[in-house]
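Okay, so subunit A shows up in both of these, paired with subunit B first and subunit C after.
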Partner chain A sequence: MPGEGARRAPVRIDVEELGKSYGSFAALDNVSLTVRPGELLALLGPSGSGKTTLLRAIAGLTATEEGTIRFDGEDATTLSLRERRVGFVFQQYALFRHMTVFDNVAFGLRVRPRDERPRAGEIARRVRRLLELVQLPGLERRFPSQLSGGQRQRVALARALAIEPNVLLLDEPFGALDAKVRKELRRWLRELHTETGLTTIFVTHDQEEALELADRVVIMREGKVEQVGTPADIYDEPATPYVCEFLGGVARFETNAKDGEADILGSTFPVESDGDYSGPALAYVRAHEIEIVSRELAQGVPAVIRAVRPFGPTVTVELSIEGRAERIEAEVPRELHSGGELGLGQGVFIRAVSARIFPVI
Partner chain B sequence: MTFGQIALPRPAPSVLPGFGLTMGLTLTWLSLIILIPLAGVFITSAGLGWAEFWRLASDARTVAALKLSFGTALIAAGLNAVFGLLVAWVLVRYSFPGKRLLDAAIDLPFALPTAVAGLAFTALYAPNGWLGSFLAPLGLKVAFTPLGIVVALVFIGLPFVVRTVQPVLADFDKELEEASATLGATRFQTVRRIVLPALMPPLLTGFALAFARGVGEYGSVIFIAGNIPYVSEIAPLLIVIRLEEFNYAGATAVAAIMLVISFALLFVINLLQAWNRRRIGLAG
Partner chain C sequence: MAIDPLAIDTARIPAGNTPQRARFRTPLSEVPWVKFGLIAIAVAFLALMLVLPLAAVFAEAFRRGVEPFLAALVEPDALSAVRLTLFVAAISVPANLLFGLVASWAIAKFQFKGKSFLITLIDLPFSVSPVISGLVYILLFGSYGFLGPWLIANGYQIVFAVPGIVLATIFVTFPFVARQLIPLMEQQGTTEEEAALSLGAGGLQTFWSVTLPNVKWALLYGVLLCNARAMGEFGAVSVVSGHIRGKTNTMPLHVEILYNEYNFVAAFAVATLLALLALVTLVLKSALEWRYGGELAAHGRH
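And now, the complex of A and B:
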């Protein structure tokens, strides 16, 4: 809490070899992860990848069978929910419908044991300050049903912050909002995080959201951690074919590697493996990594222009090449379009500028 | 519909047709089944004249019967609200062997002829019955006392509370309880401050239904009550007695009073419901 006396040092979370299964389905499979004090961490993955289970396990809402979770070194799995002091924001907010905004935010303070409970005046002061922090002053007496989705989201956040949590956990915080409100709230959440300095974890299935907002991103798949890294790491050096495909915006090619290298769209790139790998390989090329070469040079692979989408800072061109059913998307500079070189049905040459190639094991 | 066009402002044409037809059928049906018979009660008792009506209504035996009927129905509905909630909670929240059987058994009071229930209770609670023989040495008399009436009415009213609370509890969002727990509330605080307020509307409805049923209940009660005037004689029985005496005016007087009191109580319960809805910003 800003200004609430000395700010407590943010908490570090260690997840060690966590396991949880529902019947034969492993929701979490030997997950280990360190959340640095004060960082904003995204758990990214498709539904069923275990990201929400992991978040709920950290909160103490889901019991796990194996492994431990430590808050600043202290084993949290033995603590009660109250002792964990976790601020949890639910996807559907879980606001108490029969209580006003004020009562919702004050709830966590009012249910404290008598000797720890602040006086009524103090509670009122804190609730007002929290509502200012989430930019909802003056709505104390409204009921949740009288608020918009974005406002409910903020009330849920204020309510979670009221208990002065050790960590803030958000489950799909923007999942239930429309696109415009999402963008606004995203920026605002980033600012709020800077202001509170709390160790914060949020779950999302939207890669853009995760990469834009988080300090670090954890990509999950089938109950396992697939890759952990800063957004730049993840974007520039996706560790696995899965990460490449999940981030999207790539064309996938099946190819053959020889002595640690593979040819793709007229260029040769190294395979991401130790030693000289030879054998089948998967190559991923992003749209902006494909270059359209002028006909005179005649380098690369012949292709035919099938569609042109000339909006945005770059022009997206859909191309087809021989021996491939799916079209390939290329993002090219606007000048090429205004120069009139991109006619539908026109034959061109394309070339990959860079690519990531993984051995198929 | 020419009459409607002239006399009444025509409602805005709706995309979904059929208002005129369905409303007409509804009103006809309601009139035949409810409104005309009820009006009959008032018209007949109005024929008595005010003084005569008041004499019949303030008759000590009538007053005692009315007090007994409404008193026992209220107590039974209150007991059902508490224990019906408990039953609904157990049925929704836990799974145990025989759960479906128990769930089905809740509806028995709906299906069982009430006279059968009355006979069973009388046999059980009579001073020489299975339960009554244990209670008698403790000085507790159930059969042939107002207590027996409460027992019968609790039986009759239980499914109303269980069946109104059950679906609401089943739909209750578990995340609300989780949110409460992460905010530091104890289990007791969560149930009292989060779950119970959400269950108030169905609980009130169930209470009202159980109460209304209890006031009108006849079959099961007359067996266990013993029907001692001034002590365990319920108002519906008094109506029957008056009818058997060919005292139709006396019978309708009691009926009219019952109607007015029932209506007033149900009205109050509905006001409570509306107030509760408005309070949480769900006007309308």
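And now, the complex of A and C:
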């Protein structure tokens, strides 16, 4: 029982060269991945990137054509669903609509073979404890249709935890909820993970959610793993142009590199490659990495202020520069705005403080 | 200087300034005469086309009093017709229940080639005239038919006997259960089954504890309709039965024979039984909807 006295050691998952295709479409293309025991891992990617297929393959709900999945070194691809003991939370929760909350949570215990099945009193005790864990005591007699989205989500979690799973897998756990409930549940899931200590994987297409919640994030693209790393790694050191663009909030520039360096918005930065790369390159600059320089200094690139959005901790300024159709967004300190230096149509100078530059191969 | 509120010149506000606003009506409601007019037309039509004939059946049956009515019901040929009808329903309804479940399961939960063809095929008995449905069995199992000569030579009488009636009834009532289940099961999808399996349930456990309970009301509803049709089927059964009194006459056929013999009281007496069956089916159906309406609606939502 998670959260109870004798806690089992969390399970390590090794995914080795996993492949799965639907016709000519490769849903998973040679995916290898190690999930560390007890970590909270996010699979992040747009729809069609294979993240849900990977999750379902680990759960044993989708058969794969190539590769192996190991739980603590043991080949799980040969195990039945029951033997895998995977707690799976479905995107739309998939609660049994004709059963009460109590029966839903008790289901996994009641369908066990007779000799492994706990007695009715024991089942009731465990269900009640789980409902306390997911903060839903007193709702045992309700039907799923009588619950809010957030409550259903918690029931689905309690039901998945009832089988004392080896790993907990969640498919878009917050996808169907509104923004406020999402934030609350996010924090709560983090706490629950700390409490249960289970190896947990969740799928999401929301980069903010993944970076905020997970210990490590796997970014997927077209059935392949694009980058694996801690949220800080991924944010600070995006490995590819794709990751930069997927994380969003960046301005993209096409430029030319010479001897391993490229100029961008009045500054020079190294290219992310071995050796002295020369040739076409892509540069990504985040909004908060763009500085508005006072006119007196006249450093950087001349720009014109097109719009100012003065809400939030910083002020977002839309700028246009010569030779570029799209506007550039810069996040600047509020003082600049209150100082009256950000008039519409005003000419300023902007400069990149930092940038990531990738060679175009 | 403080302003005296009373000093405001009220005379400057023109009298009768409040405009006569039309009383607000919700956009979807109608004026009363339209509303009641429509209801009256519907009720009159129902009364003329449905209630009056039904009342006529009972009126005719009791025209000469209760005794001839009862006599017509306990007459041996009538009893034999009732027995045969119940017997045919007792075979064809479970058969179609089983088939309907299997077919809808296959159609709703799996992807395979020829799926839409199968759906069309299930609907075939609805679109084919019952007379044709009967005739195909004559062509297949009759003495000049495709399989008939061999079967008859081996002592199996299908047409003009009970097996033919059962076959024709199964054919005609084929779609009822499946038609009820397929849309519901397709809408429900397979995630609940997946959830049950991932929680460690076996295939049969999943079927009994998740799939079946989710469709039980639709299933029951389909069975009710299937049963009503199985007992009331006339056309197809008439073709294959051979109308042998006391042997191959079902209730609807018995009614026709009596009527053709100008034995109106007896004909309508047996007809009341069929009418009662229809009423019982209706009441059961309404009771189901009333008792489990919330749950049925909940199924639709979720």
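We adopt the following convention: the second predicted complex is superposed on the first by the 357 of 361 C-alpha atoms of A that agree within 3 Å, B and C clash if a C-alpha of one lies under 4 Å from a C-alpha of the other, contacts with A are read in each partner's own complex, and residues count from 1 in each chain.
Everything that follows uses one rule, which is that a residue touches a chain if its C-beta (ideal position, glycine included) is under 8 Å from a C-beta of that chain, and two chains touch if they have at least 3 such contacts.
Keep in mind the model is a prediction, meaning the values are calculated, not measured.
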With everything superposed onto subunit A, say whether subunit B and subunit C fit together or clash.
clash
For A:142, decide between first (touching subunit B), second (touching subunit C), both and neither.
first
Is A:334 in contact with subunit B, with subunit C, with both, or with neither (first, second, both, neither)?
neither
Partner chain in contact with A:159 - subunit B first, subunit C second, else both or neither
both
Quick check on the superposed pair: does A:88 touch subunit B, subunit C, both, or neither? Answer first, second, both or neither.
both
With both complexes superposed on chain A, which partner does A:112 reach: first (subunit B), second (subunit C), both or neither?
both
Which subunit A residues contact subunit B in one complex and subunit C in the other?
59-61, 81-82, 85-88, 90, 92, 94, 96-99, 107-108, 111-112, 143-145, 159-160, 162-163
The answer for subunit C against subunit A in the complex is residues 191-192, 194-202, 205, 209-210, 213-214, 295, 298-299, 301-302
Show which residues of subunit A lie in contact with subunit C when the two form their complex.
59-61, 81-82, 85-88, 90, 92, 94-99, 107-108, 111-112, 143-145, 159-160, 162-163
Show which residues of subunit A lie in contact with subunit B when the two form their complex.
59-61, 81-82, 84-88, 90, 92, 94, 96-99, 107-108, 111-112, 142-146, 159-160, 162-163
Hey, which residues of subunit B end up touching subunit A in the complex?
173, 175-176, 178-186, 189, 193-194, 197-198, 279-282
